[in-house]
Amino acid sequence: MNLHLPFLKHAATFARGIHPAPHKGTLDQPIKRMPFPRKLVLPLAQHIGKPALPLVGIGEEVARGQVIARAEGTLSSPIHAPADGVIEAITPMPVSRGQWSDAIVLRVYEASTQEVRCGQPQDVGAMDHAQLIAAIQEIGMVGLGGATFPSHAKLNVPADKQVHTLIVNGCECEPYLTCDYKLMREWPQELVAGIRIAMRASGATRAIIGIEDNKLDALDAIRPHLPADGSITMQAVATKYPQGAERMLIKSLLDLDLPPGALPSQLGLVMHNVGTLALLGRLLPAGQGLIERVVTLAGPGIKKPGDYWIPFGATLRSVLDWAGDPECRERQVILGGPMMGQGAFSLDIPVTKGTSGILVFDKRMLEPITQQSWACIHCAACVNACPMGLNPSQLGMLSAKLEFDEMSEQFHLGDCFECGCCSYVCPSHIPLVQQFRAAKAFLRERKPV
Amino acid sequence: MSEHRTGIPPADITGSGRLVATLGLVTMICGALIVAVWQWTLPAIAANKKVVLERGVKALVPDAARIVEYDAAADGIRPAQGDPAAGAVRFYATYDGEGRLLAIAAEGAARGYADVVRVLYGYRPACECIFGIRVVQMKETPGIGDKIITDAAFVANFDGLDVSLAPDMKSLSNEVKTVKHGSKKFGWEIDAITGATITSKAVGRGINDSVQMLLPRLRPNLEELKREKGSGK
Amino acid sequence: MTASTKQITNMEQLLEGIWKQNPVFVMTLGMCPTLAVTVSGFNALGMGVATAFVLVCSAGLISLLRNFIPKEVRIATYIVIIATFVTLVDYIIQAVSLALYDALGAFIQLIVVNCIILGRAEAHAAKNPPLPAVLNAFGMGIGFTIGLLALGCVREILGAGKLFGVSLFGASFQPWVVMVLPPGGFFVLGGWLLLFAWWAKRKESNHG
Amino acid sequence: MSMELRASPHLHSGRDVPTIMRHVVYALLPICAFSVWQYGLSAIALIATVTLSCLAAERIANRMSGTVNTLSDWSATITGILLALTLPPAFPLWMGAVAGFAAVWLGKSLFGGLGHNPFNPALVGRAFVQAAFPTAITTWAPAFAPQRFTEFIPSTLTLPFCVPNDISAWVTANMVDGFTGATPLARWKFEHFVYPVEDMITGAASASSGETSALLLLVCGLYLIARRFMDWRIPVAVVGSAMIMALGFQMYDADAFPPMHLALLSGGLMLGALFMATDMATSPVTPMGVWVYGAIIGVVTILIRYFGGLTEGVMYAILFGNAAAPLIDKYLQPKVFGARRK
Amino acid sequence: MDESLGQIFVITLLSSNFVLAMFLGLCPFLGVSGKLETAVPMGIATSFVMLVASLCAYGLNWLLGYFELEFLRLISYIVVIASTVQLVEMAMKRFSPALFRALGIYLPLITTNCAVLGVALFQTARGYDFGQSVAFSLGGGAGFTLALVLMAGVRERLKLSDIPGAMQGTALSLMLAGLLSLAFMGFGGIGVSR
């Protein structure tokens, strides 16, 4: 591979981390499309920031691509109708993380051809900076890697900061997930277009695409579309978890250490996920809203594993009814990757903008981890795995004794980004990162007091 | 805790005269007590010490009829009184029933494995040698360190250990030395016990230090000691 | 505890230190001599009796003087009185047995510190008439002696195969030397405390 | 269909505590086998007795504290085997059982079992019997005695609580060339005798039952390192610092101090560095801490051997390192990503 | 006995450690070793008081010997040491408030500590000269601090363990001290001249 990619250095990487089995069995298939379900549940808060405000009433007919909820303020994002249909209800519905949130329930017209008729093609090149940012907000673009931070807000660099480099995160380091890789391979032109838009919006003069060295063929697809001026480069990084984390990728690509608590813009960097940029490059020139995304369906409980375009609002039930394996009775459904994704507590949870994968595991597969645990034997596996250089062993012992203050004051609990490496390696099966999450939640709750 | 508030002295401020007086009074009572008991126990303590000493020395010199304590200071030897002065070496001259000098005993001490090892050794002027030792005090590991008492081969080292003085009479002609087990070649060497080397070495060092101090002071005055002064014979 | 009741009997005064407030096992006070000298039953007994003597005498004297001593100099006075009796004990032991004196070494004089730590006896004496004060101190002394004996006997039996110098198992017994070494002291006392804790816990769970 | 809410991560490396422990046992088996080949019946009996007593102690402790049965995590087995390997082959069996119980109770159960113990249990057991039976633990038997597979070394079968049977007659009867009853380190200390290197590699020197062949120990340790069941940094730090110290002393005064290879190959240094110092529960977890810990052990070992009263120092050095491990961890926390060292 | 100062220091620091081999200063050792934050200043403060006590005792012993009042030794030791520590404490408060804040609260606790009186009594019993006394008290103090700090480290970690209920408290501390003492036995013979 390196032979015909001579510009690649030996795979750069960061310290520590883990090497879980990739399980990327869906790599070779093209992206397919899942049929429209009968009902879509569209939470108003599919992004970080203020929830969107509904613009439609119950019983109102909507067309695919139509704005049905508008952004409330700068840090918010509008929602577009993913299908032709009628608004059934605006009511609290379950969403991920065990919460309920207001959602627009849309009954899909089954007879519809579901063509996107809304939206006008626009000349992106003619827009000034403010118009560009506004246009990005209008199409409802958010970080599709899972963070769901509104893209326009991220690209609108504050006046006191200067961004010189856009980092394009093509490291899909979570096992099982392949949606970003597929987009790179099948939509390279859109990706490059998106990169150029993002460079313009953020003021970056160059962009680096970072890809893990086990999916280098995606580079071949992208290369023909790269601009001749060399402002967009590609670089392979080691296949390792969590290579796709912000700090880790910056370290691998540029050998820069982002200090704890700092944002990439402090180093003149802004980072976007390939999936976000590919859809940006596809939707913005067309003036169309974000209504669907590529989701990886995988795991032993999926009959038809692969990457699918799935409209937002499709509930897990509808996805599994279509793709799930009915044989798999005791199943655990995970939204996102297996390392950081959440276990679904209900099948009524919809696919939203941040859903990169739906994994279905047999419960028995997961049981051995929780069945028996031992005391911490100080094996240091977690310390040697933690990419943030924390001491999960000590943190774990402290959290068992509810010493949350000491955890955050002396052992940097706040710097944990919950990648889960510690829990993954722990031979004592101590739910380390799970405990840290609880500890952080406790400290957050208590803070105002 | 059982708090009884019956006999608490009044809590008002006391004059400093009263304080000094009280302290003085208490100190006087205490001083008197101490002096009284000290006077009372003094003879018993002395007798005890004598018994212990005699037992020790008699174990080395069974024929001894009388034991006389001396101090060997830099300027000569004199009969012992109280604790030995700084720099002086206490030794014990043993005499038979006729008042003839039999042997001289003295103590050597050195740090062993756990603590100080103190040995009483017997010196016979005639052969200029040590003829035996007796461990006075040690806290060495039982089973290992106490081989210096139980190991017959080790004890045999001290039967005729050469401590002859050099011609200048200022030091031994050959330092008493503990050597590794099985390599004793000379009369002034002590064969160590395997596994208890530190303790064996402590014995050798203690004896050497003591002998080096004592003998140069003792030898020139040996004639004085030959007849027991107290007996007047 | 009987603090709220009006008056505790003399018997209770005595038993207080022996059992309920046992200085070794309950209060874990005066650890230094407890561990240092208990390599044999004989040493333990000597140390216990010496300590008891100092406790009783100083408690008696302090109790007698309690109405004369101004509170400003109370501590100083106590220290002087205790040190006095310790000096006395020091001489008396020398007069009685030099072997014991050598075995106990500087720890006889360290009884001073120990008794100040056991100072609740003195505080007690300062508030009570001589008889209860002395009885309480005597109880403490006995309790301390029992504690020391419990240690000394175990250590001597295991560490030397003897009890009070009498060989128990004959010559073929292999002594556990560690017991008469410093770690053994810690282990035996720790073991006793564990035993009591375990016993207390068992009793508790049986009742509850 | 049932659903269950689990928090991420949902994957696990698949490695658990019993797996780690079991592999350590595998790595120790060849050493045991070699020991049996060297010392015959007595070695089998000793290893079996010590291991069984450790398991029994663990079981009783489980009963008394009312916790689950922890025999299945293999840790008591490791303690037993390691302990047996550090004892002299002729050690009386009843003393071996005492060592086993001391190891598990004093060293582990007291603190709540595996993972909570501040000191390496096997070494606690060994230090306990070293202090309790100082003579027996320094009585060595010759390796490769002709009768070793047909009869026990007499002291092995000593009656409980009795003074070990005298083995001098047996040693004479089973005389092996050059046997002196002293370990290479002791022979240097007392006689300035330098053991030949090959004897210490092949196991002909007298020593504890498991520490005679430095080569075999190294191979077994490498297996664990290769399978990542062991932190390679600790043995490297221990042996490295001991080597530097030994080399320094040798260069300073070659007459007064033994040659370096003697320090490295003899005694328990290899066994200790590879299998004891690396005990996970009692070694530091932080990256810098591991090096410091190893260096402390190496340095203290050499100091005890060269300047102390004992000929062997690894055991005490490791116990000292164990005691210092929490401090090391506390003061050498890993550097947080991106944070600048203060 | 002619031990060099270095020997005395090393022996009292390691093989004859005040706490672990001579059982001196056990009460503060068991009481204050729960937390490193208190153990370190306590160790330093005790070492300091031991040095003061050693100097006092040396001077006093000379005086008592001169006036032949040896039977007053114990009383005068304890009174003089206690008052000197009090004086030092006052001086410290006056001249170095920062130091006083760090060590001050520990000083009154230490005055009547076995290790402090012990250092005075043992140096007298062994007949140490001035230099040897200083080395002895420094070694003793350093040894006390070392034992205290090691113990505190281990106990801090044990606080995060699931220790069986019956074993918590003093019993466990004693067992730990025993294990530490066992570990320190390895230093036996270090510093003894050969």
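Each chain carries a letter (A, B, C, D and E) given by its place in the written order, and its residues are counted from 1.
By our rule, a residue touches a chain if its C-beta (ideal position, glycine included) is under 8 Å from a C-beta of that chain, and two chains touch if they have at least 3 such contacts.
Everything numeric in this text was worked out from a predicted model, so none of it was measured.
Q: Quick check: more C-beta contact pairs in B-C or B-D?
A: The comparison resolves to B-C.
Q: From the Cα centroids, identify the chain that ends up most central relative to all protein Cα atoms.
A: Of all chains shown, the one whose C-alpha centre lies nearest the global C-alpha mean is D.
Q: Can you work out the whole-Å distance between the CA centroids of chain B and chain D?
A: Computed value for the inter-centroid distance: 44 Å.
Q: Could you tell me the distance, in whole angstrom, between the mean C-alpha positions of chain C and chain D?
A: 41
Q: Could you grab the centroid distance between chain D and chain E? Build each centroid from C-alpha atoms only and quote it in angstrom.
A: The computed centroid separation for chain D versus chain E comes out at 33 Å.
Q: As a quick test, compute the distance in whole Å between the mean CA positions of chain C and chain E.
A: 22
Q: So which stretches of chain A touch two or more other chains?
A: Each of 375 in chain A touches at least two other chains.
Q: Give me the residues of chain D that touch two or more other chains.
A: 106, 112-113, 115-116, 128, 131, 133-134, 309, 329
Q: Do you know which chain B residues sit against two or more other chains?
A: 30, 34, 38, 113, 141, 143, 197-198
Q: Touching pairs of chains, which are they?
A: Chain-chain contacts present: A-D, A-E, B-C, B-D, B-E, C-D, C-E, D-E.
Q: Any idea which chain E residues touch chain A in the complex?
A: Contacts found on chain E: 159-162.
Q: Within their complex, state which residues of chain C touch chain E.
A: 28-29, 31-33, 35-36, 76, 79-80, 83-84, 86-87, 90-91, 105-106, 109-110, 112-114, 116-117, 178, 181-187, 189-190, 193-194, 197-198, 201
Q: For chain C, which residues count as touching chain B in their complex?
A: Residues of chain C touching chain B: 1-3, 8, 16, 61, 63, 65-73, 76-77, 80-81, 83-85, 87-88, 91-92, 94-99, 102, 120, 124, 126-129, 159-160, 175, 177, 180-181.
Q: Going by the contact rule at the top, pick out the chain D residues touching chain E in the complex.
A: Its residues touching chain E are 65, 67, 106-107, 109-113, 115-116, 118-119, 124, 127-128, 130-131, 300, 303-304, 307-310, 313, 315-317, 319-320, 322-327, 329-330.
Q: Please output the residues of chain B touching chain D within their complex, sorted ascending.
A: My answer: residues 113, 141, 143-144, 180-181, 183, 192, 194-195, 197-198.
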